[in-house]
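Below are two complexes that have chain A in common, paired first with chain B and then with chain C.
Here is the complex of A and B:
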């Protein structure tokens, strides 16, 4: 049986997942630069390496994410909205609402019982409340973005961060620092601010359990906790959450293979 | 036809014939034409500038004069154009002898016309149109508007030195009515499956005569020709999209700065608009607001009152719901523009209402009609692709499971 590859070219990283039947047999994650074609090829090469598989064993390649049209060696392109829905449904079949927070986008996707998109909403023309927002604010506090989640969970008196703009939030963080606020409390405030912003997006499509959190920001435990607290609902997160788009793309390819479409 | 219209305007200025500026919604073109005026619609001039990729030059000029980022793009296009001498790629726009603020539903319009009155030193007549808050026009509203129309007529008599000729107005209205009926016939062709017309992108091109040349023989001839062409399309099986996959109702003003690009995003998915609200902005003729030569001023008042953006939201919703049913539409696409609050405010609620109350899949997109800085092609395309993908997916699932209807 041939494998299906799903490649998700996002704003900051390229992810590739190899699927054979229902099994994820390989995956990769690498940064995205200006040469998207090369980054996509590299993502596939690394995933093949991870699966110890030869390129000829891949029967179908599906691209997703903003860079999907650059995946010249693929047979299909699908939006990341459909892919995240499909991927979330695959890992958590009870999913009815997907929250995807990536580098530049936040998406709320309502999903039906078959994992199809019933409705969606996205942030518009502004990257406040996305991964980039956390990057900038972590930098302003002198942390790496990977560390801030756990630190935010140690806060005792979270501050209020009111800004709805990434650039202004950075100045607000600097102002809290100069007033001697504990970085843990500032970080907790930042996470709560994103959770509030995300909530309004989720309300536009309708909140219904189960809720599955995907995208790079879902690796941040502080964000998972802030969202869950704001929603008053548990939130599904998988170690593969960042790969959800690529998983969905691979599933779309797998469906084509099952339907008899050859590469 | 459009070239001829602008050439005629240029000629009118050279011959010192009177020129009136007017707004599209609920306009009073028949009355001013019966007094020999040429009519300029600055909104239409602005959208022509946007289609020709010139609007940003004029907008930047207006911003340099102090108009803010959030001011309507039509307003800034017009004021910038006036400041730069009125020369467009399609002709020179003459200065007005009279400004007729023919629609008061938008507060910005009044301020725009006041700014023109001050900078161009032209007299301003403000036609106060009450908001349409009931399904049928109220008798009191009609009387109030007819009284204003007589004031307007007296003003025109004074300015032109000509006496009002009711017989001439009736003749103009007769031609208007004929063009309106033919226009409605064209729009209703969208009920066929597959649709022989594109009721948004194509109809926007074809609405020029109904807004600008209403009351002329030229407008009547144009719609006769268009309808003959539509009949040929049906006979020969040539349709706007070769394979109709999705039938849409479209609401909102188009992004004129990226018109073709936006249209291509629909065509790629085999999506065709079978009905749309925006081409009715000059008059909801398909809802029965026709001009009637036997009741000239009353019917002009009813027509002005029935302008699309003068309707309250429950009426706008019902209209869209009716279109979905009558035109067998699968989904609705709403394009909001940051410039126009009177068209756009409430569209977010409309989206929710369509999804939750009528079960119609609805997509909301946002950019601007005049300002190219607000059109983000990658984001818009991504949303549209995801929307059409989800429609496709649900249709495939429904087909695979007989007995289940597509949501």
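Here is the complex of A and C:
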């Protein structure tokens, strides 16, 4: 049986997942630079290496994500909205709402019991409420974005961050620091601010359990907790949540392979 | 009678000294650093010194701007919208539309011939469309702030920016640099992007000539050109317009002082 590859070219990273039947047999994640065509090739090469698979074993390649049209060797492109819905449904079949917070956009996707998109809302115009917001604000505090989640969870007196705009929030962070606020408390405030922004997006499509959190920012435990607290609902997070788009893309390819489309 | 207007902005504190509400005597500014009261006092001292006055010679002090409540010895405070409108009409009596692009916010104001505000629209939630955007670009493109405008004016094919957000625009600009778009074209694109954001505000309040630009970007010829190109109208940009809000505050202070002297009105 041939494998299906799903490649998700995001704003920050390229993800590739290899699927054979219902099994994820390989995956990769690499940074996206200026040459997206090359980054996509690299993603597939790394996933093949991870699966110890030869390129000829791949029967179908599907691209998704904002850079999907730059994948020169794929047979199909699917929007990341469909892919996240499909991927979330695959890992958590009870999913009815997907929150995808990526490097520079945020999406709320309502899905039906078959994992199809019923409705969606997105913010891709503004960095507020996206991974970029955390990135910039973490930088202003001298942290790496990867470490701030757990630190924010140690806060005792979360600070209220009032600026919506990332640029203004960065100055607000600096002024909280100069007033002697604890970085933990500032970080907690930043996470709460994103949770608030996300909630208003989720309300536009309707909130219904189960809720599955995907995208790079779902790797941040502090964000998972802040969102869950704001929603008053548990939130599903898979260790593969960052690969959700790529998984969905691979699943779309797998369907084509099952439907008898030759490579 | 000498009155003083003090505009406590987020980037700079500007002051203007006026005589009898008719003559602009002096202007001065200092960066807003730490304590707004101290920085504001420095501006007043500089103005007094330049005119050989004692602080006591200033009959009335009116504050405006984002920090207008932070200056305890003020006698009156007015909103920056009211004061910019009044100041712009003082500098250019034909003004019917004021565009104020400040460090952290921007506003479009339509005004009557007497300088009264008819309608306004402002953006203070988002850094795109504010002077901060130019400051950030200057930083990551490593072009000194004071050279941004002159470099932009040499653009041959301005590279428009599609992102509305200042942070996302940053990525776009860096990609443009990587694709070897000439620096001047990128810089002019930055000003055109600001002008487009301003145009959206301006249309909301209806655009009528003359348009007068006030605030920190009046010194930027590239900004003036970008607004003219976007609105297809001539734009007044006089250097004193950087102090329009302070001038307007000084004028409004004079008006209030006269009213008080006549026994009318109540102290603010």
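The working rule: the second predicted complex is superposed on the first by the 262 of 263 C-alpha atoms of A that agree within 3 Å, B and C clash if a C-alpha of one lies under 4 Å from a C-alpha of the other, contacts with A are read in each partner's own complex, and residues count from 1 in each chain.
Throughout what follows, a residue touches a chain if its C-beta (ideal position, glycine included) is under 8 Å from a C-beta of that chain, and two chains touch if they have at least 3 such contacts.
Source: prediction; values computed, not measured.
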item	value
Side-by-side fit of chain B and chain C on chain A, or clash	clash
Touching partner for A:120 - first (chain B), second (chain C), both, neither	first
Which of chain B and chain C A:81 touches, first, second, both or neither	first
Touched partner set for A:11, first chain B, second chain C, both or neither	second
Contacts of A:229 with chain B and chain C, given as first, second, both or neither	neither
Contacts of A:1 with chain B and chain C, given as first, second, both or neither	neither
Touching partner for A:66 - first (chain B), second (chain C), both, neither	first
Partner chain(s) touched by A:37 [first = chain B, second = chain C, both, neither]	neither
Listed stretches 44-52, 62-70, 260-268 or 350-358 of chain B, narrowed to the one that overlaps chain C	62-70
Overlapping contact positions on chain A, where the chain C interface meets the chain B interface	125
Chain B to chain A touching residues, read off their complex	352, 355, 361, 366, 374, 376, 378-379, 382-383, 385-387, 389-390, 393-394, 397, 407
Touching residues (chain side chain A, partner chain B) in the complex	66, 78-82, 112, 114, 116-120, 122, 124-125, 204
In the complex, chain A residues that touch chain C	11, 34, 104, 125-128, 132-133, 136, 164-168
Chain A contact footprint on chain C (complex, rising order)	104, 125-127, 132-133, 136, 163-168, 171, 175, 178-179
